[in-house]
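So that you can tell them apart, the chains are marked A, B, C and D in the order they are listed, and the count of residues begins at 1 in each.
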């Protein structure tokens, strides 16, 4: 009963297979391995972007911080939501990599709205040399609360950014989960909707540790390479990153894994609805924010269920108090585990 | 015939085995996995340092830059040789991670000498608030030219550092190669010789991409954790780093691999001596800096041998000109490949 | 009719006098001048803090950024209000000097409340290594909206900070204006109320360009000196900074100037009340945030009055629309100028 | 007998006069004061550069660090001599302002040579993404050892830089002293000789604390403004910087002061030659590096002479040992003081 995060599950067999296969003989280091060539072409195909610059790093925070820094000067502001991963969960990595840029927060409990973004940008650009200058907009898809921006919503946001001539970054730690939820193409969810650079996640959806950074404008490529090396994120035995990504993208493994994760969440949600749990946000991908009585949390806790309480503390709570939790389903969790989890609600 | 670097070879079977085994079920992320517990204990045992703080990162540059930054304020100087990896091959990562510290270079063509270090430190500390302040000393063992400091040499260097109350970092990207060359214990080569923090390399000696940072003074632990996270070097699926290191350290695999790499270099050196090649430095571990006529380089080049020319360019050189090359042997290169390489000298 | 800012007026005669007198013969540079000795003692007396470390810099932003950086690690959060000068008007200087710390904003339209501060701190410290760590609290006295914290309010805020073991910085760009408004001692408004370090402003209240940074804990002194030098804020001909501060503090010149500035604002406020202007905040020192019809703004504008519109734009506004303005009085503005300003309301 | 530095003398009467005159009424802050307009035009005239972007800061380190940062990315190398002020005397300010660039040192005991510079640049650009990238060249005129590059020497250096497409910064802390020594125009010593940006010193030659940064390519202007503000070097009461510079440039005051300083040094050198002192470098401007017996140092010391010993320590020295000293003459030192100094050699 492991619902803590999709970063706690195992890697896909296809990923392991390619890593295993890669482990033979010598290979050119630092991204010059032949598998990287394959990966680059594959990603360009997927994104219908034959000129895209494609790089691999091993963590999502590295992907985000390096991508943003490439579009941000130290005296600028990055626009994101208050709940953005880059704001809440990266220990100031964006500030570090950008050389001290400021994150300017759009207030929201989940998605960024076009109006909220516009207001925030307008409020920031009025102090001349004194205030921070307007910089990139960063959008998380799937959001940190499990919601998925529609293509229209994405386009409205990027239109706001473009009206201020600001670049747009997409934090796609759960890119595949969003894509299968929307049923659109990778191109539609990115550059066709006005996105300039994507953190294309692999780790949470079945890799060991690999994320791609995809620039649709390849003029940023060399700067990114220098930033990646200076940040100590260039792997010498790069083939093992390449191999993970190659396995992930092979024969649609990535989309299948995301579909399974989303379906697992649907199955969990259906069960939670039956037992009367409430939902903080309408689940749209593989994350479920739900609320149910403390006594049930206690029961699950005693039974060894793993998940994060959300803002609420279980200890000392009234047994009937409705407490919130975040439940994340990865591709590997089974219906048996979910059923077992739900059985404690009876 | 692959002598470019020990970062181009495959991973050890023991390493792959443990990675494979780790890929089952759920595991706590971010270093809380049970394999990391095993690794931590194993490293403490190896170093005879029951209180040591042990962390894993995926690249050598990350290990060095994060370890140094933990002992360095932005207004300080880091003392290292002109040929140090941190100076030449990390694209200013130490400056980045330290917030702008300065690398002060001890002039040498290979090893740092105690006198050279003392002179450099003394020259740096005389300008009060105006100049950089004295900071940590960083020593590379095996050196970037393939030499190995004796324990006496190490102790002389650390004694100089200690006489100025400066901490000592050991860049042990080829830690195991040095250890088997010296035939001493890990404790003797580190804290018993005055070293405060070690980058304990795994990648070059048979891992996919993992290095340990070992602090003998555990009071630096929390700061390091924050620096690692802020630097985007904390892995969510940390178990795959742990598993590599566990396999590496299992049943002496790491020492056996290093012994093989060093023996491979010995075998190569013996062959090179027979054919009259010259040596820039006396090879002591698994790196060989050698000089032979351009026409032989050309022949090897045409035959598909991989290695780095050293300062010299082959193109346009006089056929009889003696040109330098760096030849690195990893654990996996075979005597057949070495023999094939040498056959071109006939 | 110059109400734009108190940074646009001239320097006090006492300040100019001391600068002139200082301009003779040779003097030790970099703060070793004898006038600095006098200034240090004078400030220690004023603050009843015989051990305080006292430094001079030339700009308020330097004072704030250097003081905060001395109490802040790059992975920490600085707590301040959304309207803080360090947030809005320093072009990311705090992020720069701290090496990438994050400013965490307490929502308010003016003063920080103890509850607001506590909520913000509590919200920030719950993500372990993933989120920013809690760092210093920065309070502006006089606030950026012209309000003055009472001693009780200050103590409540610092008590919150202390309950989390966080240091407290006071941005005292208008320190003297606050002091005369409260009628208390400098010690009461700082260390006796729990403040650890003060930016003690001189520039806005009659100097050419000088601010003192006062650390009540002198153990920060050497680090500050290095930060100041590295930030290029150590003056070689330091005597001219010292002389300004010496003149400023001489015979109560600083308090007299602040009393005049505050009295000028009182006089302006009384006049504005008579003509029916509204106030956004109750003026307590020398800044007035007021609202009156656009047609009056236009008339003042045409007459050459200088002041900042506040959020509202005059151009294209309905003549009867109530638009906001910030009016700042410095020590040098005359009742004649204020009367002239008010005459346009008739 | 004050020969410690030209940063220890008083300001020129013309400078004080303009500061005094500026101290009346209100003036627009942050560089929008009318005196700055005058200064900008004056400097453009002096440099025969009608499009130059001109900014004022208060310290030489700020001028250097901000100017260099505007031409340098964090992963680059700045080329300068081992004895450069930016290397030795700015406490890592260039590293700080550039976000962690590396200073690559041309070995020399005084001037940089074209060959030395070329060798250093060539040595730095050979490691692809691994090493630092080539960045700006910084030349100090007058050098830190009191020498003056001829125009031919300057042009040879900038030609090397240009052959690698690198920008050139001139640290002109003693710009005027060099100019009068060469008897050329400011344009000839800068952009006509290939210089892109100048730190145009005022402080050491008779100002209180002001330096101009002059960009011959005005496209850097806005970035510089943001860097200056973020670095806390933008003065609110900017008129007092402007006024200093206006007085300095008025009626050739700056050139006259430099001529006097150089002549004072000539007078001192002539006297030292008479008494048999040795010279480490041939004095060409207002700095004298000389060597004479310890017993004479002691005598001067006892008589209250101020100057810096150079590498040598007086304490415990053999009375006849030849010890080095740096003697700097500013515009204000009198022949009487020099004669008094020399009288101790009898």
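Note that contacts are C-beta pairs under 8 Å (C-beta built on N, C-alpha and C of every residue); 3 or more make two chains touch, one makes a residue touch a chain.
Since this is a predicted model, take the numbers as computed values, not measurements.
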For subunit B and subunit C, chains touching each: A, D
Farthest chain relative to subunit C (centres taken as mean CA coordinates): B
Inter-chain centre distance, subunit A versus subunit C - centres from mean C-alpha coordinates, in Å: 41
Between subunit A and subunit B, centroid-to-centroid distance (C-alpha), Å: 34
Two or more partner chains touched - positions in subunit D: 74-75, 90-92, 96, 99-100, 129-130, 133, 226, 229-230, 234
Sites on subunit D touched by subunit A in the complex: 30, 73-75, 99-100, 129-130, 133, 223, 225-227, 229-230, 234
List of subunit C residues in touch with subunit D within their complex: 2, 4-5, 7-11, 16, 19-20, 23-29, 57-62, 65-66, 90-93, 96-97, 203-204, 207-209, 226, 229-237, 240-241, 306
In the complex, subunit A residues that touch subunit C: 74-76, 88-92, 95-96, 98-103, 105, 127, 129-133
